[in-house]
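After this come two complexes, each holding chain A, first together with chain B and then together with chain C.
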Partner chain A sequence: MAASRTRLALVVTVAVAMVIVSLSGCAAESEPVDDSVDVTEPYRIGAVLSLTGTFAGLGEPEKKTIDMEVERINDAGGVHGRPIEVLIEDDATDAETAVAVTTRLLERGDIVAIIGATGTGGTMAMRQEIVRAGIPQVSVAGGTVITADFHPLVFQTPWSNSLVVPFTLRYLEEQGFYKIGLISDTGGFGKDGVEVIKEAIEGTDFELVAEESFNPGDTDMTAQLTLIRAADADVVVLWSAGREAATVAKNMAQLDFGIPLVGSHGNARIEFIEGAGEAAEDFVFAAGKILVPEAYGEDSEEYAVATDFIERYTERYGEAPDTFAGHAYDSLYIIVEAMQRLPEGFSPEDLRDEIEKTTGFVGIGGTFNYSETDHNGLTEDDLVMYRVSGGRWVLEER
Partner chain B sequence: MGGTELLQFGLAGLKNGSIYALVALGFTLVYAATGAINFAQGEFYMLGGMLSVWAYADLGLPLPLAAVTGVAATAVLGGVFELAAIRPRKDGDPLAIIIITVGGSMVLSSMARHLFGPTERPLPAFSGGGSVKVFGASLEVQSVWILGMTALAVAALWYLYNRTGLGRAMRACAVNRDAARIVGVDTRLMVTVSFVLAATLGALAGLAVTPLTQTVFDVGPSVGIKGFAAAILGGLGNPIAAVVGGLVLGMLESLSIAFISSTYKDAIALIVLLSVLFLRPQGILGRWRREKV
Partner chain C sequence: MHRNVDIKVAVLLGLIGASVFSVPLLTADRYMLRVLTFVGVNVIIVAGMALLFGYAGQVSLGHAAFYGIGAYASAHVVTVFGWPWVAGVAIAIVLTAAGGLLLALPSLRLRGHYLAMATLAFGEIMRVAFVEGKGVTGGPDGLSGIPFPSFLGIEVDSAGGNYWLVWSAAAAVLLIASNLVRSRAGRAMLALHGSEAGAMSCGMDLTGLKVRVFVISAAFAGLAGSLYAHVVGFISPSTFSLHVSVLLVAMAVLGGTRSLAGPVLAAVILTMIPFADAVIPGLSRSAVETIQEWQEDVYGLTIIAVMLFVPGGIAGALRRIAAKGSVR
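Our next item is the complex of A and B:
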């Protein structure tokens, strides 16, 4: 008897819960959007970030940056005298979840723009919802596909592989490294990079003598590297954004290659240097200028913006911001400055058009110039080559 | 392909394989005691590395002491996990235990995420970096530690199983739980012991690998799956089979990279696993257990 009573109680609870959910759903839908301007009502921006899962290490600095900068914007008077509020949702580094939380954000009916997702997979999966709602999206993910598969509503702030690959190849050419042994992860970033590299070296003097891959979570890449060594490459090029990069560097040191290892902006994390230790020495990669702000040129506006951000971030969180913090900074300010340029009562279409008009915006990733055909906005001038030396990033002399 | 290269592939396979073997041993021990798969096994691997990093970097202990602390703390956590989550389920239904361990693994990794943060953390190599040459192929000094620790753990486990009263009680429990209980074996205690041992072995593997790969809250599941595959490949419930399964799986992966493609190495390992199971459902070294009516 007791058992059946418990079961009955369970059924009733579930039924009540379902009624409540459906009612609240209806309420949200039928409630008219308030058109009158309330000065205390904040402008709301949604953000879909990976706070858990594989990309948690990227989403965390992004969230910290947004929290810090929203406070700063509101202390300075917000937008049109109204505060801004960023509603941050966690997508758990999962494309399905990214879609679900985006839907939840957009159904509120008061979101003016979306930041995110952290990963390329999430960013692409969200697009259907973004398009349905007609809300502009500024992604902090680096996949080339995000802006190459062009949509008027979708913008991005990181340097995409289509910028970094030609820049890196030019460096290899200068150094006289033509036979490339490529090793990449099987995740979105690595695959994207491999495709862009293959396309870029077609019809050039470069030759891909080996092409190897590893899975996220792999603990040993000596087998792949042994094949690359046997292929007699001039240089090993690593395209990977995960922690496995440190293992690749260590395995190379172990095998005693005697040829250099060149990485990408995916390795611009202090965790890489900490993890690889001595094996990180002389690792070369391209990334934006935030790692060594002197690269901007000390009298430039870029330098002032970057050092101000680095100082405030370091003071608040006790650690220097990385490139991912920079992408979140750029996304937030591109949206907020477009809002500030518009008159009150703007529509999402107005905001999209205004974001597209962003020119000469000096951010952390570089100077952004969006146009009707370019929603990435950066150029190779915003990149610089780094070398790891003495456990720090230094500018590679060229 | 020269002999040096072949040897290099072999060494890589041996190193990965011995890690899989340690994790597989954990699966096998718990399976022998409960008849269930412990899906939190990968989290013990994560905790072994993570708690050692915590003891070393946050508590400032010297490395050997930090390593012992990390493994011991994981072993205690394994026991606590069994007492708090598995034991209350009095009927010991394997299916229920499996579900409980799935939940437990999520709780453990979320807790690690909260306590130790989302980014990977390093641990120095036990006896400095560098590598040794073996007939022209090179092996990191840390890999020598991995192989040595695996060998030692297997030897200790063999001794425990074959030369001690506790080991005999565990084996009795694995053969027939009811009969073991009738002759006075505390079968509940054996389950707890199996979880403590499984946690210790997983923690040893995680600790040994961390200086090479760093560790982070979510490394558990992928290694857990490899260890599980190794245990199945060898034959569940038999410690020697788990070790053989681990080494075979490691070698398979390494050889698929060498001769076929690194892109498909996991798929190839899986195909071999499936074909072995198709031909020998009990695993390479497993014995037929005929159902008696």
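Our next item is the complex of A and C:
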């Protein structure tokens, strides 16, 4: 009897839940999707960004950039006289949510392209939906895997480790640092970097004398650094995008290391300087030229684009844009400019082909040249070495 | 009287089955079907958690690991070895059951929060293994390009098809679980939950019973993992983190003890929280963002509030309502 009641209750609850769900879904469906007061229907682009969760600090500037630039594009007449609209969904830095919200965007049936996701995990998880819908995707995540695991529909805008690592190694070579003590995080960015570094130094004069790692969230790296010092390294190379990077710099200062610390584009954030304080001085890393636009040369187009963006962003939001804002800018304009080159009534397939034809696009991350085999589009020329000096970024003298 | 109830149950079962399975016929909204498919996956895991927590009274903070083992095992053999999907599911179930057995044999001699600690450690070890075992798991980049489920040469690639597949599995799992709790083993589990010493003094093989329940719940999680991997097509370590284990415990706690219906309903509710706008038409985007921002807090507060104010959870509340109804 009691057992029957258990089963009865079970059955009832599931049924009620499902019926409610399906009915409300039907109700939602029958409602006309109509928010177009203006006569001309906008072109709609979907964006999957991490506005909450671990990557909220990246998704926020990305969203701000998109909001600002969409206004600018529409003020200038939009595309083919039609406005553009970017529908931003929050994936909460969660792969499952990224899939679900991508489904929702594509379900509308009027999305021409997708920007995102903020993280590599989300970007990869969305792929099945993207492929099924045949819609081009321009990711703002930096994982090498995104374009290395090649798909014709998937593009990305940040510099990948496979670009930054050889560039950084060339700098180390110039400086005569051959014995590398490597320290990285166990997250995706750090692990990817270590792998690319190991591959790149194979058969060269470089020697990996120590290889240490730490977990995201760790608060002390003294033990790992002591081992690196014992290995008699010329230089400590740090590959991590997390806030733990500042701890590495601080620990090195405490241990009075006496050898330089070289990082990566993952540390091109003001949080690193704020977090490490004094210890951030003389920290060297490679990144795109947006941090010090003078790197482009003051009469270049790149300089004009970057300073214009920095000025408008700073005026509107009261803070300077970081590299993540730049990735969002590049993704949006790569899509929009491809749309503008196409005649009205293009298909998603046409748009994909046109995005692939992007050449010489001057963005914030660099100058993009996509091709049938390269969906990252940047080269080492878009990178520059920085040194932290007096609490700000200056160009490293080479 | 008893016969009457059985007929009513049979009719209701048919009705519910029909309504659950008719959802893809009523709507073509792939977003909603996706979300409900994720609900189905969680219902499968929670059925196991209900047996483990609600009946046998054991707390596991490591079930995300079994979920992950199932997902990786199935994805690996199908994607890398080219095995058929059905074999992938079978491997997922066998491996997680074996893993559950290996973990259960030593650790189920522990009680209460010691067991919770052991399973917590197991979950953490497996999370590191998913990240480091690049050859099998793809490391932090995860495994992508996992094919859709297919059997008898038919690929289940539509949102509706996936929904049916997952909910069929959920129905099978719930049937197994509901039969189990009505059997001798079910009564033994309740005795164990009531008083471990009391049950032991009646001559029950408690360790054997706990191991069996643990293995079954691990296998359910493995099955769910396999389904998830093939439905989404991509898996990475973050999907199987401690956060998921805690969410599963929250579902079991909110659902209440000695019940399958309670935890199932809790799974439906808690899975839907971040997707509230799928079922509440007109809910604004910023409202959903706020909900997502507070999601973890909602789970935590739910556990605390249920423990403090409604120890019986949803099941207890349902039972109270039923009792009031029968007093007349």
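Just so it is clear, the second predicted complex is superposed on the first by the 360 of 398 C-alpha atoms of A that agree within 3 Å, B and C clash if a C-alpha of one lies under 4 Å from a C-alpha of the other, contacts with A are read in each partner's own complex, and residues count from 1 in each chain.
The rule we apply is simple: contacts are C-beta pairs under 8 Å (C-beta built on N, C-alpha and C of every residue); 3 or more make two chains touch, one makes a residue touch a chain.
Every value quoted in this text rests on a predicted model; they were computed, and no experiment measured them.
Comparing chain C and chain B on the residues of chain A they touch gives the larger count to C.
In the superposed model, A:Asp205 makes contact with neither chain B nor chain C.
Residue contacts after overlaying the shared chain place A:Thr120 against chain C, while chain B stays out of touching range. In the superposition on chain A, A:Asp299 contacts neither chain B nor chain C. With both structures placed on the common chain, the touch criterion links A:Ala279 to chain B but leaves chain C unconnected.
In the superposed pair of complexes, A:Gln224 makes contact with chain B only, with no contact to chain C. When the shared chain is aligned, chain C comes close enough to touch A:Thr97, but chain B does not.
Once the two complexes are overlaid on the shared chain, A:Asp75 sits clear of chain B and of chain C alike. Shared-chain residue A:Asp256: touches chain B; no touch with chain C. Contacts of A:Thr186 after superposition: both chain B and chain C are touched. Shared interface residues of chain A, touching chain B in one complex and chain C in the other, are 51-53, 186.
Per the touch definition, chain A reaches chain B in the complex via residues 51-54, 56-57, 59-60, 186, 212-217, 219-220, 222-224, 226-227, 230, 243-244, 246-247, 250, 253-256, 271, 274-275, 277-279. Contact residues of chain A toward chain C in the complex are 1, 3-15, 17-29, 31, 51-53, 90, 92, 94-97, 99-100, 103-104, 106-107, 120-121, 124-125, 127-128, 132, 143, 145, 149, 186-188, 191-192. Of all residues in chain C, those touching chain A in their complex are 2, 5-6, 8-9, 12-13, 15-16, 19-20, 22-23, 26-32, 34-36, 38, 131, 139-142, 144-145, 157, 159, 174, 178, 181-182, 186, 232-236, 238-239, 258-262, 264-265, 268, 274-275, 278-282, 288-289, 292-293, 295, 315, 318, 322. Residues of chain B touching chain A in their complex: 1-2, 5, 8-9, 11-13, 15-16, 19, 110, 113, 117-122, 124, 129, 131, 138-140, 209, 212-214, 216-219, 222-223, 253-254, 257-258, 262-263, 265-266.
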